Each structure stands twice: as structure tokens, then as C-alpha cells.
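Each in C-alpha cells, the structures are laid out below.
In the two assemblies presented below, subunit A is common to both, partnered first by subunit B and then by subunit C.
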Partner chain A sequence: MPQGELCNRKPIVTDEQLKLTLSDKSGKKYYAEMLELDVDTNALWATIQKTMKARLKTWLEICAHCGMCADSCFLYQVNDCVPEQVPSYKIQSTLGHIVKKKGNVDNEFMRHCMKVAWSQCTCCNRCGMYCPHGIDMGVMFSYLRGLLYSQGFVPWELKIGSGMHRVYRAQMDVTTEDWVETCEWMAEETEEEWPGLTIPVDKQDAEIMYTCNAREPKHYPEDLAEAAVLFHVAGTNWTVPSEGWEQTSLSMFAGDWECCKDNVNHVYDAIERLNPARVTGTECGHAHRATVIEGPYWAGREDGLPPKPYIHYVEWLAEALREGKLKIDPAKRIKEPVTLQDSCNYVRNQGLKDVTREIISYIVEPGYFVEMAPNKEHNYCCGGGGGFNGIGMYREQRNVALRKKMDQILDTGCKLVIAPCHNCWDAIRDLEEEYEIGIRWSFLKPLIIGMLDIPEGMRVEW
Partner chain B sequence: MYELLTGPLLWLVFAISFGGLLVRVVLYFKGLSQQLDRVAYKAHLSYGLKGAFNSIISWLNPVGARAWRKKPGYTFIFFAFHIGLLATPIFLAAHNIMLQENLGFSLPQMPAFFADLLSWTVIVACVAIILRRIALPEVRILTTAYDYLLLVITVAPFVTGLIARYQMGDYQFWLLAHIITGEIWLLCLPFTKLSHCVLFFCSRAQLGMDYGIKRGGLKGSTFSW
Partner chain C sequence: MFKKILLATTGSPASFGAARVAFDMAKRYGSEVTIFHVVGVPTKAFSHVVNDVRTGEEVEVDEEYLAWVEEELKTTFAKQFEGADNAKIVLTTGVPAREILREARKADSDLVVMAASSGENASFHKGYPGSTLQKVAKAARCPVLSVHRESASYWGGFSNILFGTDFSKQAESAFKFALSTARELDCDLTIFHALDISGKVLDQNEIEENLIIARKRIRETYVPLMGDFKNYDIEVWEGTPYVEIVKLAREKSVDLVCLAHHTNELDPERARIGSTVEQVILRANCPVVSVSKPDKV
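For the complex of A and B:
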């Protein structure tokens, strides 16, 4: 059978198809259909010829098979150093094989590739720093994911994820109305405590336009409220767009590049429409990577930059603290050992390592901050990156992957972990659920709000 | 035979080898795509070049990259192998005499004793590399017959050169063997993975640009390799 009803080469573009795929519990039917899915080998090879450029070709060719990359990969480390987890092996035996065969591979092989691409690599880009040739497996796996997606070999959750982005332009079924209502609702709720607080939608020429992760309006609307509180206290002239507010990209994890482009253009349109001086997003690593670091290229922007300066939330926060727009009450600073999770997506992919430590210097009593080892650009993935967190079929492998972060955290001796990345936050939560090591974890927003030195009369105490 | 091998044929080999390598470099850079690679090479050239330079220098220095520092044993073997491999043929007295005769100039020469030492280093390092390939599971799984073949092609001129130098067996035969294996090695450079002798610089420069631009450079953070 060439194409299934749920599992096929066509992206999900209608609400109907989305609901149908969603209703297939854990993708049972979807994966059953995948067993029969044909590989369009001609199309596969044509795509490779068109999109595989000098860099990737050279990487595949000159890999010295030296194994220097082996223990740079946390998945190799936590899986008892089995050679099948050596980064170079993972890519050579999947993408390398497809290229060698000129795309002439079968269903079984594609399913094998899917497993490797989504359960043996989180695209954390760490190995690239340890390879003498600078071969970055994270980049190559993203490419492989694109090929697999185009042939329909993609985990059920990510097919849905990118379908959500295509249909709703959000990773969850949050419509424009839902979003605007949530903003209004949160503004009302929060205003009781913070008189004068608003969440202005579609305001022109603001200082800052704020974008977020659709899971926030859907499941943690308080995050939006917290952002509003901090903008309010800092006296920021800010706004959220009614359209183009969602900056995440499960399509990036799925390898659905067409959808990535559509989504990021949607956000850029909002920027052009509202003309803010700058944009900032929420505490999310992959959203930032998608919209700010990779997005400009999807959108075909020559300078590789978004239409307006677009900073990560940690940059906005550090600036507000530095400039005294937000003041921390010294008595409320953190006075217990605390550590920080460096998100690969904005540390290894954009160099934002010092700015998070600057925030720490304001909010943690000196002597209490403990670095993870290794840290900054050498830090390990939380264990759930690249979509790994969300894929049911690979839950077991993901749980093994969490062990690296567990060991890193245990080594610090801290009970509190600051994780200014949505996905890292989720992974650390799951880590505690799975292994019960007795830790707490937090985004920056609630921590800071709890520590603020608030001007008299700004907040109503109940 | 000797005349042919060190005369016209040698020039042809040089032309193919160095011309071929040049073509590989040109094709590499021509084949980059700002959109598909997701690096705006041209728009932030100065950041990019800084990153490229940083990346290359860090990796040419045996203590410059964290990866090197973490594996001192392998790093030592690796550098010994590559230094011997490059320095010996270029600064060998006998080669320079040929150069002098043919082109009328020569490079600084190294003492014979030193050349012997370097040649032995290459051979010993090669054996160590092979043993490492066999001994470590994470390297064994990557290793193919092609990897061994390339190692053989690479050390063959050194083995034959040393045999000729010590005048073991038939000198003329080993000298010719040395020249032929050397020319085979040169011919393989552009067409095999040995092309990494130039593509290493391309790839490193490229990733260095990536880091120097979007992966931190524009944010003013220097990247520690």
C-alpha cells in the first residue's frame, strides 16, 4: 500500500485531518500504516541532489572515522557507551547510507532512520565542537529529519505538531480568538493585584513586542500574566500581536521546512505590521532558535536577521535588572545552592551564556550559585531536546537520556534548578518525576516576581 | 624509468594533485548556500572571518581545543603523525636536491637524522592509529577497509623511503618503489578522503563562520572550542 490515511507523504493541512490523526490513540493506526508506506526513492534522491550542498557532502566524505566525537554525545555516555551511539556512526549509517544508495532504500531502512533521527540525537550540536573537522551532527540530523518527513517517516506527535503549526500557526490548537481572550482574561485577573496592568494587543510602535510559546496560553496562562507583571513593573511600553504571537516551531523538530517558513513569516509580518522597536520572546530555547536564529534563513532574509532586533527573554531581563527598571530586594535573594541549565538552543546556538549569569548575579546571594560541569557552550542537553520530550514511542529512551542531566544536577548538590527554557524545564520536571531526586525547578519569571522590590502603591496586597 | 618518474610524470602528478585540490577548495566555497546552511556568510563577513580564523587556529594547536586537551594520548599521536607526514617530504634533503636541479631553488633542509626520526614517527604513529582502530569499540564501528587502505597509501612512501635510505635489499628497486608510492599518494589527495588536507580548512572555516556569526559572534561572545 503506497500511502496510508494517516501516515503518508502529505503534510496535515486541514483541521479535519488533524483531528483524525489526533484521535488515533498513541498513533496506533498511524504506525501500523507506516509499516506499509512506500518510499518514493526518486523524489528522495532528487531532493538530496537539490538540497545537499558542499558542506554536508564534504562532511560525509571527509569524516576521518576517528571517534573523537564519541563521548561528546551525552546519549553515547548514558547508553553505556555502546558504539551504535557514536555520533559519526549514527549519521553515516543513516544519512550516509541513503546518499551512498542514491536514495534507493526501503521502508524498513527508513523506519530505522526515523528511530535514530528522533531517539538518538536531540540536535543539541555538541558533537560539532569536538570533531576536528567541525562536523556537526546536529545539523546533519536536522537535514535527515527533513528527508524523512518528506517521505512520511516521522513520529506521530511531530506529524501532528507540524500539522498544528500549519492549521493554527501554533503548536497547539490556539486560535486568534483563544489567544486574545487569554490575554484579556489574564490582564483582568492580574489587574486586581497590579492596578493599571494591561496586556495591550496590537499596539503600534511599542518599545517591545512580546511573543510566546503556545503551550503558555493553552496550559500555563500564568506565564503570560507573569510576563505582563514584569513589563508593567519595569514600565515598559509593550504589546502582543493578535496574529503572529507564537514563536515556537515543532515543524523544525519535525523537519517540515515549508511550514517553518510559513510560521516565521507570520511572526515577521506581525513585526512589520506593529513596528515595535524590538521584540522579545518567552523563556524558550527552541522558539528562539526557530524565530531568531534559523528563521531569517527560512524566510530568505539576506542578513540572517529578523526584521527588528529580536532578543531572548534572558536578554530583556538582564537589561531591565541592569538598568534598574526591575529592582531586586536584597533580602529576598536566593540563599540556597542553586544551579542553572544552559539551553543549547540559545547558548550553543547564539552564545547567550554570560547574560544568564548576569541575571544570577542579581538574584542569588553571592556564594550560592553552583555551576554545572561542564557548562556554558559545553553544557549537555537536558535530555529532552529536539522533540524527544514529546514522542511517546521513545519515552523509554528519553528517560535514559535524562540521566546525564540528573548526574550533572546531583553533582552540584543543588535542590533548585533555574531553567529559562520551556523544553529544558519540562525535561527537568520529568526527570524529577522519573527519578525523584528531590529537586525543584523554575523559570526566571516567577522567581524574579517573588524577589522584586516593588514601588509603594504599585501592588495591592490582599 | 627513474628519469620518467621524476621528470614529466612527476610534473603531471603535481599538476593533477595540486590542481585537483584547488578545484576541491573552489567547489567547496562555491557550493555553500547561505539559505540551506543557514549562515549569512556575506552579510557579516568580518564576524565570519574572525570566527573562521579562531576555529582554524584553535584546532591547529594541540592544546587549543577542548577536544584535544581531553584526549592527550590520541592528540599526541595525531599531531606526531601529521607533522611527520608534512614536514618530512618538504624538508627532506634528497627532495630539495631534486628541486634545486629542476627549478633552481630549494627549501631549508633538515639533517638526515632528523628526517629519519620523523619518518619513523609517522610509521609508529600509523601503527598506533591502526591499533587504536582495532582496540576501541567506538572507533572500530566506524572503521572500514577504505580507512586502512588510505593509511597504507599514506605510509607506503615512508616505509619504502626508509628501506631505500638504509640500503636494505636492492636500492634501485626501493627507490623506484618510493617514488611510485609517493606519486600514488599525491594522486589520491584530491580524489579521496585525503582531500581533508585542504577541506579541513574549508570545513573549519565554515563552522567557525557559523559560530562567529549567528552562534554567538554577533552577540559578542567568543566561542571557546
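For the complex of A and C:
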């Protein structure tokens, strides 16, 4: 059968189509249609020939099947070390097979690939560190996801996710009006306690332009208010763009390459329009990876960099603390065992391991910080990365995946976990709901606000 | 002044008192009442799946589910809906406090009416105003009226209003609200200050001196603002403020207590309304309105 009404090779580009797909409960019709979806083998092979470059070809060729990657993969570890979860097997038996067959694969095989690509790999890139040849299965799975997406074999939620980006330019249905309105609302709600606080929209030549995750204006706008408080206390000349404020990219997880490029260009346009000295985003890992690490390549920027220096929130925060723009009251520092979740996307992908620990050194009483083992660039994925958190069909597999993080946290003996990444935060919350180990979790912003040494007169006490 | 009432409800028995007051007000004063219900907090990483507020189970929010919830609410409040021409139901998903605030702002509501707690886990929650009320009371631009107990003295109209003051900045807004309500609805207004002597050792002369000072302060602060409004009296008692407020409310058959909201806690999870307001909400026989902002008064 050719294309389904909901499950097909076309991306979602209209609000109508988006709502129609959303109204399909649990993607029941969508997945039923997928069973019948034909594979355009010619197009698949043509795409591979056009897009698969030397690095991936070499990687597929030179894999020695040594199995060194096996233990590096947390999914292999939590799934009883079955051979099907060995990273090199996972990619060779999917992408490797498609390439070997020159794209001549059938529907059943594509559905198998979808399952492996979205429920057996979170693109955390840990295996790449342990491969003697430096082969990174996370990168290859991202590529495979693109091929699958182009053929319509993508989980229902991620088809919707990238559709949201295409229709609303945000991962959720937050329009420009909603966003600007939220900025006004949060400024109103916060300015009474913090006289002089504003959330300036579209201000030219600011010191910092701030971008965020659409989940924040949609459900947790206080996160924006907290960012505003910290910028205000630090005396930062900052702004948010009315358009191009959404930094996340579910399209990256969905493998919708065209949309990835569009997302990031939208943010870059805002940077060029407002000309800030620097840009920073919210506490989110994949958003940073999409906009700062991978984005420049999608956008075809020759220097491989965004238009202006684009730092992660932890970098901005560490700098503000280091330079004394934000002062911590020593009496309010954390005085209980606390651990830190390293986000794969900005720690392994951009090396921001030390700067997060610098923040810890300001906010935790010496002796109370407990590292997870392993940590920094060796740390494991939270268990819900790469879109895994959001896919209903693979919820069971995701819950198994959370066990690694649970064990790591339990081993620290800490009840408080700092998670400066939205996705890790979600995963850790979920693991507490699922396994009830009695922990709390927090972003950095509310923690820091609670321990600030606030200059006289800056905050009105009620 | 109560043109638009936002009744935020879980639909559970804990909110029946609040619903009764909201609908009574709407009928009596010709207000528009919106029954606002958050069907659940988005679970995990995607927003169209929520935990149902009653069962706690994960459900997908689709038209069928929304229609079912709406039907449930209509059945729950069937009696109240009778004769309420200007009532509608609005459903949404999200974090309850945030969505109530969003709706109140969007609809430019004049009053939010809600229960003190959702009533779940009665043994724990009954003694405390829930976090949703805490957060809404802290940030709402309009007065927030809460009904904790099925009111004994409240028969559907306001005729006696008690305004309790601690002379704070917020109390000015609460006073304005109390006065304009009293004026508009032709009520008696009692302006009250409780001299806080809890945990203190004071001699009788000192207490009496302070009572005189407080009385004078009320006269100087509030009387000039009342113009030709004469239906008021002033009371100053000593004791533990919330106890005295509740006692006076009972003695005078008050049907609305109006207080200012205070908190200096930033974290909305931990933000308390202020111990006096909180205790009065839990103990008073009538609805209690908390006012924290100068708008809508």
C-alpha cells in the first residue's frame, strides 16, 4: 500500500494535519498504517548515496567487531548484556544492512530499524569514547534516524514533535503571541518583589540574548522568571527575541534534517537581527547540542560556529558567580549530600564538565558534593535521552533504561540531584515516580536564587 | 465588582463549598462564572498524556476524554448549574496553579474562588492549605476567595464583612477590596486588628496602651478613606491574631473575612500564604478572601 493518511513520507506542515495526527489516540491508526507503508527503495538508496559521507562509510567498513563498545552502552548493561544490545551489532544490523542491500529492504525491516534506532540508542555518544577506532554509534544512529524519517518510519510522537517545529517553530504549540505574552506575564509577576526587573523583548545590541525550551513557556513559565531574576541581580543587559526564542530541536531526534536546519536558522536569524554580544540558552542539553554544536553545520556555516558566541547556561552562571556578579551567601549553601547529573549533550559533546563543577564549588558546602561513578565525559545517559522520554510506544524499554541512573544515584547515597538539563530533569523525575527511591531533583536556577546574597534594596521583602 | 468569577475546582467534594459560594455569588450578583478544571499535569516528556486528577492514572487527552470530564463536572455541579445562565466550563492541561493564574489573567477575572486543598489524603491535607492555593494566592492579581469548610453562617449573600489588618502595604489593598465590597453590597464592615501577644509577657497597662494606639492607627489609616460610608465599626483585641479573627467572625456572624496575603518565600513550592491567613482559612466559618495585589480592588 502506498502512503497512509497519518503515517507517510511527508512531514507535517499544517496545523490541520498536526491536530489530525494528535487526535489519533496513542498513534493507533498511525502505527496500523505503518504496517502497510511501502518503502521507496530507490529514494532510500539515492539518499544514502547523496548523504552518506566518507566518515560513516569508513566507520561501517572498519568496525572490527571487537565488542569493546558493549560495556560502554548503558542499554547493554541494563538489558542483561544481550548481544542484540551491543552498539556495533545494533548499527551493523540496521544501517549496515540497509547499505549492504543498497536500500533494498522491506517494511518489516524498516520497522525493526525504527525500534532499534529509537528504543535501543539514545545517541548519547558514549560508545564512541571506548571504540579503539573512534566509531561513534550515536552519530550513526542519528543518521539512520534521518533515513527512517524520510521513509515515514518514525515514532508517532516524534513525527508530531517535528511537525510542531515546522508549524509553530517550537516543540509545543506556543505561538509568538503566547511567548511574548508569557514574558510580559512573568515580568509582571516578578517585578514587585524585584523592583526594576524586566524581560526585554527584541532589544538590540544586548550583552546577552536568552533562548529557551518551549516546554518552559508552555508549562513552567517560572523558569523564565527565574532566569530573569538572575540576569537582573547580575546586572546583565539582556533580551529575548520575539521570534527565534525556541532553542530545542525535536526534529533532531526525529531525524527531520530539513526541519533541523530551519529551526537553527530561525535562532540564528534572531541573533543577526538583534546583534547581542553573546547568546545563552536555558538549562537544556539537547537544545544546546542542536543550536550550538550541530546547528552551525546544518546551517552550512563555514566556521562551524553560531553567528555569535553561544554559551550554555552553566557557562553563564559559572562566569557570573566567578566574577562576583552573583554572590552566594555561605550560610545558605547546600549542606546535605548532593550529586550532579552530567548531560551527555553538553558534557560529552562540548566538554563542559569542569564548569558545572565550578558552580558546585560555590553552592555546596565543602565535603557534601558526591560524584556519581563514572562521571564527567564518562557519565551515563539519564536513561531518557534522544527522544526516548517522549515515546509512548517504548515507555517500558525507557523505564528499564532508567535503572542505570537509579543505581548510580543510589550509590552516591544522595537525596538531592542537580540536573541542569531539561531532559535529564524529566528522566530523573520519572525514575523517582517509577521506582520511588526517595530523591529530589532540581535545576540550578531555583537553587541559586534561594542562596543568593542579595544586594540591599534589590529585593522587596513582603 | 464580581463580574467574572473563576471557580477553580478539581470536582472533588473538597471543592463543593467553594462551588456553592461561587454559584451563589454568580446568581445573586449576576456574575459570569467559569468552572475551570485542569484535567491533569502533563506526564513525563509529552504533554498530551496526563495523570487523571481523580484516578491518578495516565490518560491521553483527546476529545473523548475531555467530553467525558466535562460531562462529569456537569453532573457533579448539576444542582448549581440550575438557574446559572452565565456559567461555562473550561478545561485544560498543565500545572494547576500555573494554569489557574494563566486563565485568570487571560479572562481578566475579578475573583478566583477555590477550595483550600484538594482534599486528597485527607489526614495530611486537611490541616493545610494546598500548594495550589498557596501559589495562586501569592501571584494572582485579583482577590482569591477560598472556602475550606461548608460554611455555617454563610447563606448565600454577604452582609457582614470582617477586614483584619496588620497595617502592612498589602493590607491597604485588602482594605480597599473590603470597603468596595461593603459599599456595593451594602454590608456592615468591621475593621479589626489583633494585637499579637502570643508568646509574649506583657503587663496589662502595656496591653491597654497598645490597644489604644492600634485603635487610633485604624482611625487614622482607614477612616479617612471611607468617605460617606458609615456602616463600619472598629475592633481591637489582643491575643493570637488568627484565633481572635475567627472568634470575632463567629461572634458577629461574619460572612466574609478579608485579609492581606503575605509571604517572603521565593520558592513557590514552599511559599506559605502567611500563617494568619492560612489558619483563618482553615478555621473560619465563612469564606475567606486573600488579597495581595492592588489590582481589582
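Convention: the second predicted complex is superposed on the first by the 462 of 462 C-alpha atoms of A that agree within 3 Å, B and C clash if a C-alpha of one lies under 4 Å from a C-alpha of the other, contacts with A are read in each partner's own complex, and residues count from 1 in each chain.
Operating definition for what follows: a residue touches a chain if its C-beta (ideal position, glycine included) is under 8 Å from a C-beta of that chain, and two chains touch if they have at least 3 such contacts.
This structure is a prediction, so every number in the text was calculated from the model and none was measured.
**Q** Based on the superposed arrangement around subunit A, label subunit B with subunit C as either clash or fit.
**A** The answer is fit.
**Q** Is A:407 touching anything from subunit B or subunit C once the two structures are fitted on A? First, second, both or neither.
**A** neither
**Q** Tell me the contact category for A:348 with respect to subunit B and subunit C: first, second, both or neither.
**A** Once the two structures are laid over each other on A, A:348 reaches subunit B alone.
**Q** For A:423, select first, second, both or neither according to whether it touches subunit B, subunit C, the two together, or no partner.
**A** Second partner only.
**Q** Given the touch rule stated above, what does A:65 touch, subunit B (first), subunit C (second), both, or neither?
**A** After superposing on A, A:65 lies in contact with subunit B but is clear of subunit C.
**Q** Mind checking the angle subunit B, subunit A, subunit C on Cα centres after superposing, to the nearest 10 degrees?
**A** In the superposed arrangement it comes to 160 degrees.
**Q** Applying the touch criterion given at the start, work out whether A:207 contacts subunit B, subunit C, both or neither, answering first, second, both or neither.
**A** The answer is neither, since A:207 touches no partner chain.
**Q** Tell me which partner A:304 touches in the superposition: subunit B (first), subunit C (second), both or neither.
**A** A:304 contacts subunit B only, not subunit C.
**Q** Quick one: classify A:218 as touching subunit B (first), subunit C (second), both or neither.
**A** A:218 contacts subunit C only, not subunit B.
**Q** In the overlay, answer first, second, both or neither for which of subunit B and subunit C A:365 touches.
**A** A:365 sits against neither subunit B nor subunit C.
**Q** Considering only touches as defined above, state whether A:191 meets subunit B (first), subunit C (second), both or neither.
**A** neither
**Q** Just the number, please: smallest Cα separation between subunit B and subunit C in the overlaid arrangement, in Å.
**A** It comes out at 26 Å between the closest C-alpha atoms.
**Q** Which part of subunit A faces subunit B closely enough to touch in the complex?
**A** For this pair, the touching residues of subunit A are 51, 53-55, 57-59, 61-68, 70-72, 76, 81, 83-84, 86, 88-89, 92, 128-136, 293-294, 296-297, 300, 302-305, 348-354, 376-378.
**Q** Considering the complex alone, what residue numbers of subunit C touch subunit A?
**A** Against subunit A, subunit C makes touches at 42, 44-49, 60, 62-64, 94-95, 98, 101-102, 105, 139, 141, 170, 262-264, 266-268, 293.
**Q** Which residues of subunit A touch subunit C once you look at their complex with the stated criterion?
**A** For this pair, the touching residues of subunit A are 22-23, 25-26, 157, 172, 185, 188-189, 192-193, 218-222, 384, 389-390, 392, 423, 426, 429-430, 446, 449-450, 461-462.
**Q** Mind listing the subunit B positions that touch subunit A in their complex?
**A** 27-40, 42-44, 55, 59, 65-67, 70-71, 74, 78, 133, 136-144, 147, 193, 195-196, 199-200, 202-204, 206-208, 211, 213-221, 223-225
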